[in-house]
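What follows is a group of structures, each given as structure tokens.
What follows is a pair of complexes built around chain A, which joins chain B in one and chain C in the other.
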Partner chain A sequence: MTIASEVLSSIQSAFPGAVLDSRVESDRRLWATIDSNKILDVCKHLSSKHSFDHYSGSAGVDWIARKEMEVVEIMASHGAHQVVAMLKIKTPRENPSVKSLTGLYWNANWYEREIWEMFGINFEGHPEQYPLLLSDELMGAWPWRKDYKGYPDLTTGERAVEITTPDGYTEYRIPPTPAEVEAGTVVVERPKYPSFREREELEIKSDSEMIMHLGPQHAMVPGPFLLDILVEGERVKKAFLDLGYIHKGIEKIMENRTWLQGITYTDRMCYVASLSNNECYCGAVEKILGLEVPQRAQYIRVILEELSRIQSHLIGTGEFLTLVAGVGYAPWQYMIMDREKIISLIESVTGARLTHTFVRFGGVRNDLPEGFAEQCKKVLPYMKSRTEEFIELFAQDPIYSARMENIGSITPETAKRMGVSGPPLRATGVAYDMRKEDPILLYPDLDFKVITGTRGDSADRIDVRLREILESIHIIEQCLDRIPSGPIKTEAKIPKKVPAGEAYYRVEDPRGEMGMYVISDGGDKPYRVKVRGPFYATFQTLTPLLEGVYIADAVAIAGSMDGCPSEADR
Partner chain B sequence: MLKIKLLKNFSWPLKIATQEIEITRLYPEKMMELPAAERGIHELDATTCIGCSSCARVCPNNCVEMVHYKFGNPLKNKKMQFPQIDFGRCMFCGLCVDECPVECLKMGKKVIMAGWERKDIIKDPEFLATKKFSAKEVADLEVEGKRIAAEKAAAKKAADAKKAADAKNASKEGAADANPKEGGAS
Partner chain C sequence: MDGIIEIITQFAAEEPAIFALIIGIIGAAVISGVVNVGAMLVIWGERKVLSDFCNRYGPNRVGGRWGILQLGADAIKLFTKEDIIPGDADKAVYVWAPIVASMATMLVAVAIPFGALHINGKDYPLVVANMDISALYVEAALSLMAIAVFMAGYSSNNKYSILGAFRGIARMIAYEVPMGVCVISVAVMAHSLNLVEIVESQTIWYAFAQPLGFVIFVIALITDLGRIPFDQSEAEEEIISGYNTEYSGIRWGLLYFQEYNNALLGSILLTLLFLGGWHGPIIPIPILDIISPLIWLFMKVVIVLWFFIWVRSSLFRLRIDQVTDFGWKWMLPLSLLNLGWAVLIGSYFA
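The block that comes next holds the complex of A and B.
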């Protein structure tokens, strides 16, 4: 099996002088600063020689004191080895520009677009540098740079001027002060891009084609996102996606909150999977601090995260069934009823139903209440029998199989290339699970299988989710049998200021691979938190998947991805 | 085979028909049962709060404000500052509860907080306090505080006088004892 130091020496021997700085953190993490001219060659070398076929994302960092910007490319492999290579490319702060990796990795597209619109780093050779998350009025302000002054406060009206439009609406405009215009800190003329609608309408080639809007407000969508389809008759010719309707800028907010306060914001990225988000952030900070989590706390975390996975899969499946109306609302009601039992179990420990803020640095907030194991032993067998019933129900329903089977199929190769993770990837037959690939807590000691499908279609995705519930129940049962007594928080004192350092931590979210890249500069606040969310990656694949399907299937395919636009927008 | 399946399918309604299952809860009259760990509206123990404003500092949404309140413990809380919480912004994360050094702030099982106006959901210590003193007790405690302060002042005065006397003696006796012992009266 390849380890990090081997990868580093291989790059160094193949490209002498390309590695400017390097650090081997462990067998599974490699940090290297690569010469920006050679990044394409290095990536090609890595993907061909060391099977780094999983482009996991990229992060932009603004080092204002050093007057440079950094793009961090996160590279991993689909099961060939467990090394995660964090390749940094540096570029000056004035006119920052780096080479685009879109030619090598198809899914680099959205990650680079995000960095471009947030930091203003230009990507040479990027096919479509258009706004994705931000609104047009914020384009060119580069809001995630460290010297961004912030949007004016509309409640106090400071700096904003109230203007009444001819239509009778009230608008707020921000006039820059003359001093700011002179200093050039405020972009007076924002760059103009063709709007989303304009770009869409360019694609209409004949009179028989038209554009249908599904969203941002549509019964199908699990949250606000825009999905427009160009149709000819009943067939979808092209699909367009637009995000940013609930862009909250959580990564920027977390830079302005203390380390502890940051936990509350991770909850709100995706409230269905808030425990895994907590785990991901706290794990990254624990890695920087070098904290050991006590055994009992690890067990509690695993139990709760698996419970949270069960309820997330239940709501994901149930919601999906309401979308494909032919199958109906009845299963949704059953699943919500069952989910209620799981939610009550979690609530009895954390005290909250959805946004838990439960995991702490080096431990957890509460201990398990008395009688929790007995409650679990009542609920879990019931859940097991119900899930088996659901699986049987879907397997024998002819309407369901007619609508779902071989709809939106992905081959394993395409899935890997598109960078999807979680159930959509495992449904294609690729056993890629963070709990095995990048084991954390006590997952290495537990006995569980990675559930895979065979066809990679919509039916398989649902099947994989339902069978994962059974596997999660199996994990919780093991944990309940073995859980030791002891402290639930580490004895070490957690400092207010986290020492300078960086860490990348991955967990298996119910929706797939979730990673957080946390940088500390020694202060009481994070310097940068990059969230590599699972659904942002899966979302990207919708556009090619929808090409050539029927309109009715578009809903089935989009729904079977178990979307959470809130987490994609962050 | 089909018959077995049919029987199996009928077993569910039969099973359910014999049980009493709560389908709809009459909500305002009958609340659902909340666990002991529930994070609802805060409960303030005004008799032990020391007014350190840790809760105000740790709050991610700045919804805790320290305000004056007269039924607290003047011995522990000199400025009589107690937390007032804006539940319009509170997200019930519980960080304030974790941070409290004397464990006087807790989260209870009360969850209803609706109001007609926005200012109605800004809850002052009077609403939050589950334990507080009466006006008479506060007055007694204030008298007690004054007494303790007077005692302390007297003790300090005595100590100072003794120190001065010691220093005088020391200077009289010459440099025999270079480091005189400091105040033993406390």
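The block that comes next holds the complex of A and C.
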């Protein structure tokens, strides 16, 4: 199997001089600074020669002291090997610009758009550079740069000014700086997200077509996101997707909080999977600190993360069923009832139902309470029989299969190309699970299967989730049998200031591959935290998937992705 | 008792016009009460039973533990809410749609026998208009609801509404036909289109005499009532609330109410046509023996309604193309097959 150093030497031999700087952290992590002119060639080489077919995301970093910006492309492979290549491209801080990878990787689109609107790094050749997460009036303020003053301007206290446009609409804009006023460039033409009316004029070709909202306020959406569909009769001809309705700027907030405080913010990204988010952040920081997690703490983390996976899958499946069957559908309430038992188990350990803030650097906050194992052994067999019952129920329901089977089917090749992650990816038959690919904690020692489907349709996505619950139960049972006694926190002293360094850490969130890229500059706060959320990745694929389906199927497809816009927007 | 009946029969024979008028006025008053109170109970019952299926409590605050006054509270809320008519709506049609819906229900209600009184070994059916073609008439009046749905959806000038209205029309056309054929099959077997005579002729229930027709009628009825798995016209997860998205306050209340009025009348119709109507063993207790046909009808209707709620809590919603496909490609041919069966068996027994 390919290891990181082989990949590095392959790049160096194919493109002499392209690698400006490099570091092989381990067999599975490669850090390399690539010449910005050669990045496209290097990526082509990597994907063709070393099967780096998984574009996992990209992060922007503003190195204000060095007067340069960095774009970090995160590359991995769908199972061919376990190397994650972190390719850095440097660009000057004045007029930063790099080459777009959208031609090579379809799903680079959103990641690059986000970096562009947050850092102002221009991507040459990007097809649609307009706002994704930000509102129009914040465009051009580049809010994630280190010298951003806030909105309203925190230094002067000025608020955005109200401007009436020629069309009679009211808009708010950042007040122009005195320099801008002097130069006469007050009215800055900022790229805008097309308004509904503009989109209607642009897209509607005949009288029988109309654009319909399925969000941000709609009975279908799991959280606010915009989904407009262009329909002709009952057929969806085109779908338009937009994020940013629940954008909280968590990555930026974490830069202004101490390392420990950051854990709390990871909870808020997606409250049904907060333990995975905790784990991801803490794992990355542990990597920088070089901390060893004691055995018992590892067991506790695995148990709780698997419990949290069970409850997340239950609510994801249950909510989705109500989208197709209506709120009166009884099994949904049974799933919620069963989920309550799991939540009580987690609550008995962490003290919170959803936002746990439980994982700590080098351990966990507190030990398991007395009688936890007995409680688990009562609940888990029940959960197992219930889950088997649900699987059987759906397998026997003819209306269920009429509505779900061959709806929104994705082929494995398309899924890989579009960067789908988690159960939707595994439903297509690609066995890609971080617990096997990039194993952390004690996952290598545990016996479990990666659940895959065959058709990649909505029915398979539900089936994969339900069968993953059974695997999680199996994992927890193993852990409960083997859990040793001992300390739950590392004995090493955790410094307030984390030494300079960077780490990329991946965990298997209930929704798929969650990765966090954490940079420390030696201070008491993170220099940059980039969250690569799983639903953000899966979300992008909705646009092509919804083309040509019925309206009812559009709901059945969008719902089956188990969406969490809160995590996608961060 | 005998004397009273004799007087009434004599009066009816001597002055048929005046007798019909009196019966009509009393009947109209009674049915609007019975149907509306009945619908309220159906709504309450659905909320309670559905909660039971879903492992919830349902209404349990207003009016004691069983939440029996919840509907009163809801009705007061609906009456006092602001009535909003969208600026771009077709105002006249918008305002009339709920009224047409109520009218359709009342038209059905006048021809439906709500039971019978058992006096001296004879059943006296309780029906306002005992027409010779009441089965056909009821079937026709039930489909008037489709017009009201379309009026509401079309006049709202809303994308969700118009889609809901289209869906409603497509679905109702596809299922009214097999439903009508099933009614005709029953009439063929009963040698009458009069609902009272159809009930009286059921020595064995038509559900057993023509099981296929029974199943088709039940499916078509659920479709007609717009209940899951056939509630595409108001699928809230797709098109918000479908044809009544823009309605609010008491106008919405009227539309909502008509659905449950129809559910009640539809289950009574199903009971009359296929489940032996008010037939059942007479309870040998004074007073109770008089109303025992009423009790039987009531119990059958409750079971039918309970079945509808059970279906709602356990089935998925079909897609509109699947619904129309199933209607035209399966329900219609099968209902015609059932008609052939009814003709064959009917003529054999005759």
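Quick notes on this structure:
Here is the rule we go by: the second predicted complex is superposed on the first by the 519 of 570 C-alpha atoms of A that agree within 3 Å, B and C clash if a C-alpha of one lies under 4 Å from a C-alpha of the other, contacts with A are read in each partner's own complex, and residues count from 1 in each chain.
Please note the rule applied: a contact is a pair of C-beta atoms (placed from the backbone, for glycine too) under 8 Å apart; a residue touches a chain by one contact, two chains touch by 3 or more.
Given the structure is predicted, the values throughout are model-derived calculations rather than measurements.
By the touch criterion defined above, A:Asp397 reaches chain C but does not reach chain B.
Once the two complexes are laid over each other on the shared chain, residue contacts for A:Ser97 go to neither chain B nor chain C.
Legend: residue contacts after superposition of the two complexes on their common chain; A:Asn366 is shown touching chain B, with no touch to chain C. Comparing chain B with chain C, more residues of chain A are touched by C.
By the document's definition of touching, of the two partners only chain B reaches A:Ser348; chain C does not.
In the superposition on chain A, contact of A:Tyr329 is made with chain C only, not with chain B. Contacts of A:Thr357 after superposition: chain B is touched, whereas chain C is not reached.
By the touch criterion given at the top, residues 257-258, 260-261, 263-265, 267, 344, 347-352, 355, 357, 365-366, 369 of chain A touch chain B in their complex.
Contact residues on chain A toward chain C in their complex (touch as defined above): 210, 212, 218-220, 233-234, 321-330, 332-334, 337, 397, 399-400, 402-403, 550-553, 555, 559. Note for the complex: chain C touches chain A at residues 50, 53-56, 159-160, 163, 166, 228-229, 231-232, 235-240, 312-322.
Contacts from chain B toward chain A in the complex involve residues 35-39, 58, 60, 91-95, 98, 107.
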